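Labels for the chains are A, B, C, D, E and F, by order of writing; each one numbers its residues from 1.
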Amino acid sequence: MTKQMAKTKHPPKRTGKTAGQPPKPRASAAAGDDNTITALKLKPAQLSPDMAAYFAKCEEKLGFVPNVLKAYAFDNAKLAAFAALYNDLMLAPSGLSKLEREMIAVAVSSHNRCYYCLVAHGAAVRQLSGDPPLGELMAMNFRAARLSKRERAMLDFAVKLTAEPWLVEEEDRARLRRGGFSDRDIWDIASVAGFFNMTNRVASATDMRPNSVYHRQAR
Amino acid sequence: MTKQMAKTKHPPKRTGKTAGQPPKPRASAAAGDDNTITALKLKPAQLSPDMAAYFAKCEEKLGFVPNVLKAYAFDNAKLAAFAALYNDLMLAPSGLSKLEREMIAVAVSSHNRCYYCLVAHGAAVRQLSGDPPLGELMAMNFRAARLSKRERAMLDFAVKLTAEPWLVEEEDRARLRRGGFSDRDIWDIASVAGFFNMTNRVASATDMRPNSVYHRQAR
Amino acid sequence: MTKQMAKTKHPPKRTGKTAGQPPKPRASAAAGDDNTITALKLKPAQLSPDMAAYFAKCEEKLGFVPNVLKAYAFDNAKLAAFAALYNDLMLAPSGLSKLEREMIAVAVSSHNRCYYCLVAHGAAVRQLSGDPPLGELMAMNFRAARLSKRERAMLDFAVKLTAEPWLVEEEDRARLRRGGFSDRDIWDIASVAGFFNMTNRVASATDMRPNSVYHRQAR
Amino acid sequence: MTKQMAKTKHPPKRTGKTAGQPPKPRASAAAGDDNTITALKLKPAQLSPDMAAYFAKCEEKLGFVPNVLKAYAFDNAKLAAFAALYNDLMLAPSGLSKLEREMIAVAVSSHNRCYYCLVAHGAAVRQLSGDPPLGELMAMNFRAARLSKRERAMLDFAVKLTAEPWLVEEEDRARLRRGGFSDRDIWDIASVAGFFNMTNRVASATDMRPNSVYHRQAR
Amino acid sequence: MTKQMAKTKHPPKRTGKTAGQPPKPRASAAAGDDNTITALKLKPAQLSPDMAAYFAKCEEKLGFVPNVLKAYAFDNAKLAAFAALYNDLMLAPSGLSKLEREMIAVAVSSHNRCYYCLVAHGAAVRQLSGDPPLGELMAMNFRAARLSKRERAMLDFAVKLTAEPWLVEEEDRARLRRGGFSDRDIWDIASVAGFFNMTNRVASATDMRPNSVYHRQAR
Amino acid sequence: MTKQMAKTKHPPKRTGKTAGQPPKPRASAAAGDDNTITALKLKPAQLSPDMAAYFAKCEEKLGFVPNVLKAYAFDNAKLAAFAALYNDLMLAPSGLSKLEREMIAVAVSSHNRCYYCLVAHGAAVRQLSGDPPLGELMAMNFRAARLSKRERAMLDFAVKLTAEPWLVEEEDRARLRRGGFSDRDIWDIASVAGFFNMTNRVASATDMRPNSVYHRQAR
């Protein structure tokens, strides 16, 4: 038997050790994510009473303030405008469930390869769905997920709108309508997809880092 | 002399007439832009007092209400959130001049080939700069414009962030800093570029049409 | 009422003024377009009688000599060959109207983001159609224009041929035939689209600048 | 205070409930991953003694047989050839640590958006590094990870080779050499990157599904 | 020894036979290339005396009339304009050698994957250079060829101009000048590259087929 | 008659001479291909008896040892693993003929613009098919070849899998099944396409050079 075949008898061990090569400890690739939230040095503002109350609510409900909010906290007006838009899009009544909106968030962020949004909203998909692999699939390739026709049509639209917005036309909207979406739903799909095309870019432009707690949520 | 060369004696006439082919009148390619603002049938809401006042101010200052605001007017909360974010980004104090912010708007919208935003913000660049060709250049290819180093660095960043946000890294921010931009300025460039990546997509998803008045402004 | 909402009461003013930031006069982004026609220093040739007559006809009919002709005027043979091809394609009898040929010119030039051709032929579309927004739409995103099926099929073919010529196959020709185009028309669509793929590149390679007069034509 | 601002007082709850919209149970997006390993109906072969021993070793060391091996098990020769190549590349002595090889595997698979390989090798990166976010970063955007210069040079090369192999030239190899890699190391980087460009495509072509156990490993 | 290793004892035979699978004769993939020159049915015109003389010269010097000329022969004016431009660009005096112009032709046609031009001008490169692999390299990937710095700079410019003309700027011209090219040479590089971007598209749009004789020339 | 038209009387001569510009002898663009097989300096190993026998068989049957095998010969285990996989994929019994497998090899290598594989496997297509233009067409643009529906479906799948593996879905497999391919055939198409996506990258990463003898084979 050749040496080569002998080798195939050894299944993949994952010890990280190669003979004579002691594993070097390495700093975490996400080191500092909870401390240095962006690459920009912007002095935090004194939070307005509204915003202070908002941060307190976050602490109470989530156990932490999402880093994106801290990143905006150098300017109360910008923070308030961002929070108002975010909350309207992701939490207000809509024909889209909250999970559907988070699925759009992650599929769009996957196209744009946005670390912050994939981590934070991937956790949301895992949590809202109770199906951790769904979060992975949205972040990796939504086309590989077992989805309903409705979900697939919604994500196809959102990702086409992300990748080649200039090609979106009436037939794309017609496909959504055939999938059971109302015109108001189409607005909401477009708005959520649009919003993450904005935040993905703000996050990438500033090297925004997600709270490390997200990594372990709802696995 | 050959027939071909003879033909070159006739300079390009632009009469639109070909022998035996009477020019057919055609409907405008922008027909209905002032009436059917999007492809979605969304019932206008009763404007809240805040929003009604805002529309009135638009009429007073601009002479019309921008169609994007009418498009959002099916829901006062969405309209207010959009307007608040827009006004903060484009009009609030910033190290970027209003013209610079509009230049970003158009260069980003050019990458995304967004009809609504190119028309509306192209007009703004013409108006703010008093240099109509600048509006054209932002819409066609900002690299062909005679720009200051600062303007060029700003637009290179905004368009890279639009096209391939996943490739933006510290070196890109460093180039902006070398170009004289502060960290706060970088935030503003990223935010304006991000915002138009959002609105370009909402506009494309809904086939949003610009007020026809923009076409003739500041030519 | 929060500060943020208060701000939304102020509609977008376009005065270009930010408090404490007096608008700096800036040179036009198209400065010198009428003087320095390309980035190459090529000594003008003595025009041949044929070409001198051609330039004179341009002055008489258009009021100016298009800069592209001046750019070629360093060599009479090259100028004559270019002019002969241009005039045959754009002005000779064809199943395509002159406007249709100019629409192809602009849609192709939009894909290639060619400043010279977008300005010069955008003006031609505005003029020939009597529909200024049509010129804008061809330059921005032809898919957003209200077009006839014939026009749309023609432009879809021309732009696919521009973007991914290796993918054009019998089915693409068949769609044109179904749209009412003859085989001769298909040749003409291909030739005009091909021609602007040539001139767009000559213009981009040499930083060719359009006559400034085009900007204001037929607005 | 406006209604809008009031809303920002409610931080993002992630209960999945929208008033009047009871959360519908949905099948897992990865349903059946452990049973239907590919979309191809290929009858498993009787394992050869070599391959049966190999599978037994996998069970013993890993607790399961990776689905990719089961996918190949319709043909002992193909299974043996695949396993021999895999084990040589990923486990044999090399100047690259096992972790480095797995990092290449995931960064390449991220470019190719391969569900199977991202799940299986993402788990390997988490396990070998003891740094779960490193696995996420390789799958999302390796450029956002805090890496050594060596790691970054290695991944830049592997991903360029994946995306645009025709552009790889001497300067790319020179950069690796400057980063401390020997010519043999360069071979290994190329071979591992090449291998995953193969398996990503076999997996995508056949809709190969990862063992569900990977999702929870080393979080 | 395993079955797998045994198999490696048999080197790659290229007999085309698989046990029990007699090689089926298949029609040539280029069948009809000499008869059906394009997919368009265009009636040949009576050649003008100039053009008849030109065709006769082709027969005399080349032994055949290139199919591209036959394709244009439905219209003497179009044929003459094409021939005049072609001959000026490829044959007139220039700082670029004829071989250099043909190298540009093939590298551009390779980017555009144009069957007609790769076959016809690949033959020209083989013939003019006396180096058949040079023809292959231009058609496959010019970056893999052993070229002079001058040739490489020329082809880098031509292919960038082909792929992304909107990105060509002063620095690109400066690199050519540093490589020893005059401004007139830059014009010629741009014009030849532009020309093949035209003809590649006319050929692809019409499924133009090369004379079969080219395949065997100068191998 | 103008000078320009006069020039068209001279058909394209291919003498390579321009007045006053004596043709400079240039080194072959493939100089050294038979000697310096890759850009990496890797010391050849002592061949194992198995591998020595394999090389001897190559010499006997082909008249030479393919350079890719020499490139791997620095390590017997790697060489054996590569050869085993290669031989299984390209030579073992399959529903795909050997020619079909070589057609996939070349179409994939064309997408990846891989010099080594295009030269070596282009020769194989010419030889196995007895149709030299088929080899050219696979290397240039398979869409321009006159192919059976079966061949076209096979190559469309292989090239889509190469270009955008993340988009391959059930409908793509269904099209192959409609084209007469079994699930086992689909596996083989995917495996061959995957394999060349690997070897294309190993070859490009190392600047692997083909044996010069391939250039003249079966022309």
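Just so it is clear, a contact is a pair of C-beta atoms (placed from the backbone, for glycine too) under 8 Å apart; a residue touches a chain by one contact, two chains touch by 3 or more.
Bear in mind the structure is a predicted one, so any value in this text is a computation, not a measurement.
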| item | value |
| --- | --- |
| Touching chain C and also chain D, the following chains | A, B, E, F |
| Number of steps on the shortest touching-chain route linking chain A and chain D | 1 |
| Winner on C-beta contact pairs when A-C is weighed against D-F | D-F |
| Rotation angle superposing chain C onto its copy chain F by C-alpha atoms, nearest 5 degrees | 120 |
| Computed distance of Cα centres, chain B from chain A, in Å | 28 |
| Computed distance of Cα centres, chain F from chain A, in Å | 41 |
| Multi-chain contact residues (two or more partners), chain F | 2, 4-5, 7, 50, 77, 80-81, 84, 88, 92, 113-114, 141, 166, 169, 207 |
| Chain A contact footprint on chain B (complex, rising order) | 39-42, 74, 77-78, 80-82, 84-85, 88, 92, 112-114, 157, 161-162, 165-166, 168-170, 172-173, 183-184, 186-187, 189-191, 193-195, 197-202, 204-207 |
| Chain E-touching residues of chain B, taken from the complex the two chains share | 2-4, 7, 141, 143 |
| Chain E residues touching chain B - in the complex, by the definition given at the top | 48, 50, 76-77, 80-81, 84, 166-167, 169 |
| Chain C to chain B touching residues, read off their complex | 4-5, 7-19, 21, 23, 26-33, 50, 53-54, 57-58, 60-62, 66, 80, 83-84, 86-88, 90-94, 97-99, 110, 113-115, 118-119, 124, 127-129, 131-134, 136-137, 139-141, 144-148, 207, 212, 215-216, 219 |
